[in-house]
Amino acid sequence: MSRSTPPPAAVDDPPCPQSSSPAEALAIAYRGVRQASAALCDRLEPEDFVVQSMPEASPVKWHLAHTTWFFEEFVLAPHEPVFRPFHPQFAFLFNSYYNAVGARISRDRRGMLTRPTARQVLSYREQVDSRVEELLRAADPEAIRRIAPILTLGLNHEQQHQELLLTDLKHAFWHNPLRPAFADRLSDPPSEAPPLRWISYPEGIRWIGHAEGGFSYDNEGPRHRQFVPAFRIASRPVTNGEFLEFIADGGYSRPNHWLSDGWAAVQQLGWEAPLYWERVDGSWCTFTLAGMLPVNPAEPVCHLSYYEADAFARWAGARLPTEAEWETAADVAIAGNFADSGRFHPAPAPSLAPNDEPAQLFGDVWEWTASAYLPYPGFRPSAGAVGEYNGKFMCNQHVLRGGSCATPASHMRPTYRNFFHPDARWQFSGLRLCRDA
Amino acid sequence: MSRSTPPPAAVDDPPCPQSSSPAEALAIAYRGVRQASAALCDRLEPEDFVVQSMPEASPVKWHLAHTTWFFEEFVLAPHEPVFRPFHPQFAFLFNSYYNAVGARISRDRRGMLTRPTARQVLSYREQVDSRVEELLRAADPEAIRRIAPILTLGLNHEQQHQELLLTDLKHAFWHNPLRPAFADRLSDPPSEAPPLRWISYPEGIRWIGHAEGGFSYDNEGPRHRQFVPAFRIASRPVTNGEFLEFIADGGYSRPNHWLSDGWAAVQQLGWEAPLYWERVDGSWCTFTLAGMLPVNPAEPVCHLSYYEADAFARWAGARLPTEAEWETAADVAIAGNFADSGRFHPAPAPSLAPNDEPAQLFGDVWEWTASAYLPYPGFRPSAGAVGEYNGKFMCNQHVLRGGSCATPASHMRPTYRNFFHPDARWQFSGLRLCRDA
Amino acid sequence: MSRSTPPPAAVDDPPCPQSSSPAEALAIAYRGVRQASAALCDRLEPEDFVVQSMPEASPVKWHLAHTTWFFEEFVLAPHEPVFRPFHPQFAFLFNSYYNAVGARISRDRRGMLTRPTARQVLSYREQVDSRVEELLRAADPEAIRRIAPILTLGLNHEQQHQELLLTDLKHAFWHNPLRPAFADRLSDPPSEAPPLRWISYPEGIRWIGHAEGGFSYDNEGPRHRQFVPAFRIASRPVTNGEFLEFIADGGYSRPNHWLSDGWAAVQQLGWEAPLYWERVDGSWCTFTLAGMLPVNPAEPVCHLSYYEADAFARWAGARLPTEAEWETAADVAIAGNFADSGRFHPAPAPSLAPNDEPAQLFGDVWEWTASAYLPYPGFRPSAGAVGEYNGKFMCNQHVLRGGSCATPASHMRPTYRNFFHPDARWQFSGLRLCRDA
Amino acid sequence: MSRSTPPPAAVDDPPCPQSSSPAEALAIAYRGVRQASAALCDRLEPEDFVVQSMPEASPVKWHLAHTTWFFEEFVLAPHEPVFRPFHPQFAFLFNSYYNAVGARISRDRRGMLTRPTARQVLSYREQVDSRVEELLRAADPEAIRRIAPILTLGLNHEQQHQELLLTDLKHAFWHNPLRPAFADRLSDPPSEAPPLRWISYPEGIRWIGHAEGGFSYDNEGPRHRQFVPAFRIASRPVTNGEFLEFIADGGYSRPNHWLSDGWAAVQQLGWEAPLYWERVDGSWCTFTLAGMLPVNPAEPVCHLSYYEADAFARWAGARLPTEAEWETAADVAIAGNFADSGRFHPAPAPSLAPNDEPAQLFGDVWEWTASAYLPYPGFRPSAGAVGEYNGKFMCNQHVLRGGSCATPASHMRPTYRNFFHPDARWQFSGLRLCRDA
């Protein structure tokens, strides 16, 4: 999400309910998420932790420290018998926007910090991890009940930052003419996606939003009714191959299909293709976390702004789905190409499932919806500092659904609402077409 | 609306259906609207026609010429037996965004044009008016049937520009330390508004949008069903008196109640009160089209951005209504303080009507809604140049409802959707509170 | 000069010494200069008085009022028996930078003022003129002695603004796609300039700056010695024909000959030719005060920044002269194509005079020198408000010499130092080549 | 110098003439300068090498690599028997402005590069050093004669970058709220400077600029005559104590003494004291390379822009010296507080020498002069790529003289001309007062 920290959760239970005791389950979940963050940095050099390539992105170091500060501030500080901060200024350096907790360094200056070093940040993580694990070991069931919600929120928060760490690092590496690679080279041969099919849904009053049980962010509720007219949704996301036709048809050079603000962005920012695409010797390549690769026509198109997604949909004689339409269609099993695969890049569309369900709803690419990011009816902000900014971003953004190849699989739900400004392109963001029935 | 030209209309009949023949009715309507524009300029000096005080505003001269160009381009050009443009470059100078009709001068450079002079623009109006009236006189009923929709659209378009002419001129005059007055001085004594009451509506599926019959813009349709939860809406808009309490309570100095983007605007733009408010010798005054006046606590608060309206509502423990809620409540007679009164400033709230209807829904101030400006389900752009940009502004804006003291009365409908960016403050924009039931 | 108001003068005598009494001479000079300003506006429409096309330029109205305010503030206020300002806010509106005299409207907002109207400004001029002339009539010789220096300064100040009025109006008209013309069309056939000759001067200690006697600005003194090495200077300014060769040779597309800051300007501002040049159907035209005209190869090249002048000189294997070199060469009669000719455009170079003097040193185009605008040794600011900013602009500017086709002839002297920022192009600025001997 | 690379040299002999053979002398000089750069980085963490805190500054890594690239490009490439670049893209990454040598990465994006790592850059240095030393070992006297000038230039170039490395690192560290320290803490007690005395020089024709013999940059010549009026110069630079009086007298809050552009900078940038000064608990402290320290009144004031230096001088009833005046006074032994002391901060003024010479002309702080940075009479750019930009910066800058506490002692000469834009404050820049005699 664009502010890099989640709204607070209405937490019911920890993410690993199968373990023997709640405390152990929490500890296992904690260790798993925390180690996943560290594992992402295994191949990085100290210099890679420092750079901030644009105000919206943050340095790797900052992601690692900010998520740690969250546990220090909201878990250790209120629950440790004797609390002492790791460093008196870390709250200033690594708070993101919790105004109730104090001032903070300007967002666009995060890349100015040479110190603390990456090594010091890793030490910070280790110390906080020991203390959190010690806290969980020593806590009685009543304490665990109080700690579990905020700790679970912290873990979901950290999972979000794992995705941002990847997208921000990709953006930073892209600025380096040496084009460093984060992951091993992908080796798919170019291929073709299965033909697009339209899947129909009748009109009706739909229940939308997260129901009781399991973790969710508060912006996913309250569960409520919406009248949804009949619609048809595409069996898979739009592919690179289809997007190449849009480009070839002058998609970026005529205003016809663009929103007014979108066309202004095209002209001011000189967009001629998705972010990271470059023509090399006459054919399109794209910068990936595994370096420069040819654009594969079978893969979902990615790194689009809302404006580009919307323009493509109009050009294709279709439109973007609303949140309610997408969620109606998303009544399927959660599976797909998530960060866990280590691919860190969208995968070609599979053949359509025999059961006629839409494919690739989860993972691969976030799908822009036609819905502005607004509160659900009856939405109420939570109390306290973590809830301070609950609805604060509900303006000027659009909702994306379904997660991407950089999202941890355990982080995703059908009701999950991600949101970005309509000109944002550095996330793994694509689209799926929709039509009136 | 922020782009100063309307989406095209689904026009069924001219605005003056009571006259003897359709052609005569059209001619009467045409003359009425065109003369109303000219009448607004009666007291202006030639120099007043030139200035553009910000990119979003336009010079008076431009409004007068652009609305005339609309009739020349879309009525005369296709229907005159032998068409010759008044001036070969006026299409370039006075087109606003119809890309299909050719290039146009950059929006923010409209104030650079000394020529054509105001007098030349008035001659341009006179010539086009004669030709349009001649066209109507000579047209057979079949021709009238073809001309009526676009001419009616042109008249509604011109009415919108009458409002913009006033708000843009107010903004320009405000930049002049001499503080020129456009209208005569208002002389209300300060007073107090009647107490606010809450009016309740049950949940249900509501029909929203414009039905068959009468003129409307295409963004008001198609008429469609929405599920609307139960809600309560305020009996009148928020007043200056209430807004003064918000200011006194530190409304502009603490981030608590603000959207994140709103708080950024407060800090970057130094907002401390509504636009046009200034402290004079310790008490608040406001710049009006009749010069500087004391802030009257009984009047609806005005010249608020969406951010301020939203922050006030949160501070007051309420929220803004959605479009559907507002339209549900707006099932009342259309009456109020419109431009026709010549006051050009909001009037104090009247006592609550005995029938328990909300007051001041129409006229006085546009009311910000919680709804982003998005297409209704099933929305389809019209064909041709006037329809080129139908949905082009459906992003990054919020809907306002009800018209203002600068809107012509005959221009207003319950389904009318005005829209502006959330930081816009130079329109007569206020708010009405709403709550969950 | 770039701040539109002169440094104060060391005034010895009025500009019209031949008249019968000092008071009468002053009155004649006053009337002459004031009427010359008004005469420049004879053909303007009220709308032409309002526009400000860039922050460095001012509206015609402002020039007329500001120069009038100077006489009101510095002549009438201290010397009228009973002084009452024409309007209490005009000092605020029409002061330029005299901080000692009060606040002033932001320079880049001067074009926002619709009022006072052009007619009101002309009334302002008339009233002040009557009062000044009455003052002169009634003053005794002692009073005249006190008034003469500041009044003479005011007249020179107004002459500067006559030039700026023309250059600013040219810039504003140029922004209008209708390309209005201020003066009648010039009708020179294209011609060729006489060949350039080099005129030599030996090394020596030179006296530089203004000596006793006659009016001068304080930045022209004190007269002082400089050691000037031997040099050769061109017999005439660089012509359009020569500059076309520079363009054809890739002058604007290779960094070789440019100062670093100059090359940055070329790239950021997209310079490809002098200001006002445009390619029309494959050949170069230029916007003049008489409308668009073909570029005449025989005329001095004009509307160059310092960067372009410097780059051309290097490309030509030469350099710009220093102030001292220029002044050494300028020991000739002051004659040339000044504003008085009504041409308002540079004229083709004449044949070289038999006496081997450099031609066109005065009038036609200001000539950029290699000298930064800095104080002469021993320079001292004058006392009082008019002297408040004596040396305030002596940084980041370069000196130009000789006057232009928009300068009143009586305003020019060999020691006159004009100055502009090195990227300024809207003055009639050209260059003359120089070389070491 | 502000473009971080020197104009090419007119080199006569290597800096260590006392050694046994020219080749050995060169090798010793080479090793000494190169090791001095590396030594500056001894205490840095890898993260410290990456950050660029403003466009004018460069990362430590860039300084180390750019100076190395200079030797690779201009020494190894033309003189190695078989040359292969260390890395094919390093010329692109680490070239600064030599357009003749190829494209280069945008100056303000140098901080975006995580790779090459600091370690890789140090390897680059080591390889180039081995190759250069091998080249010197193998070269015959004729080859040494050809190599010596460009190698000596490279060493002077590297010394400049040693100073910039320090000033840029200071600026970067200052942005970190943790305020890291580069050097050990200074422990001077506050003290008072000796009283200022004026030292007089008679008028006369002076020889200015570098004479034959020894290394100099080409902008220091040709040696030439100037007529210099009589003047008096201060016995020492202006101190912090004196500058505190200027601040206390409202120096930063009234426009009186400021150049117009300077006052604009004060207001736009919010200057209230020299760069790095902060009020801590009511008294002034300053950020130094040894961390935050109290402002010592006896030390030369430092980190001033030209505007502040000029304003202070006017406030003090004096002025800045011209280059010629400073150079006339600088006919003294070169000694002072240079980078070699390891203090990296100006030292308190010593008592006045009995011989009545001005003190602290060299080292401690660069002294702004009143002279714009312009070519000396007869100046000619050198040929080839290193000479490509000889005079390219001779516009919009002012000259500073004498070196600072961050300049290597062996780098300084009385004729040395440093130059920066008048708003630059991050160098160790102060001033010395001057007066007409």
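Order of writing sets the chain letters: A, B, C and D. Residues in each chain are counted from 1.
Note that contacts are C-beta pairs under 8 Å (C-beta built on N, C-alpha and C of every residue); 3 or more make two chains touch, one makes a residue touch a chain.
No experiment lies behind these values; they were computed from the predicted model shown.
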| item | value |
| --- | --- |
| Chain labels contacting subunit C and also subunit D | none |
| Gap in Å, rounded to a whole number, between the CA centres of subunit B and subunit A | 39 |
| Inter-chain centre distance, subunit A versus subunit C - centres from mean C-alpha coordinates, in Å | 60 |
| Centroid distance [mean C-alpha coordinates] between subunit D and subunit A, Å | 47 |
| Overlap residues in subunit D, where contacts from two or more other chains coincide | none |
| Chain contact topology (line, ring, star, complete or other) | ring |
| Touch relationships between chains, expressed as pairs | A-B, A-D, B-C, C-D |
| Residues of subunit D that touch subunit C when the two form their complex | 3, 97, 99, 205, 224-227, 229, 255-256, 258-262, 306-307, 310, 370-372, 374-375, 377-378, 388-389, 391-396, 422, 436 |
| Of subunit B, residues touching subunit C in the complex | 45-51, 53, 61, 89, 92-93, 105, 109, 111-118, 172-173, 175-178, 180 |
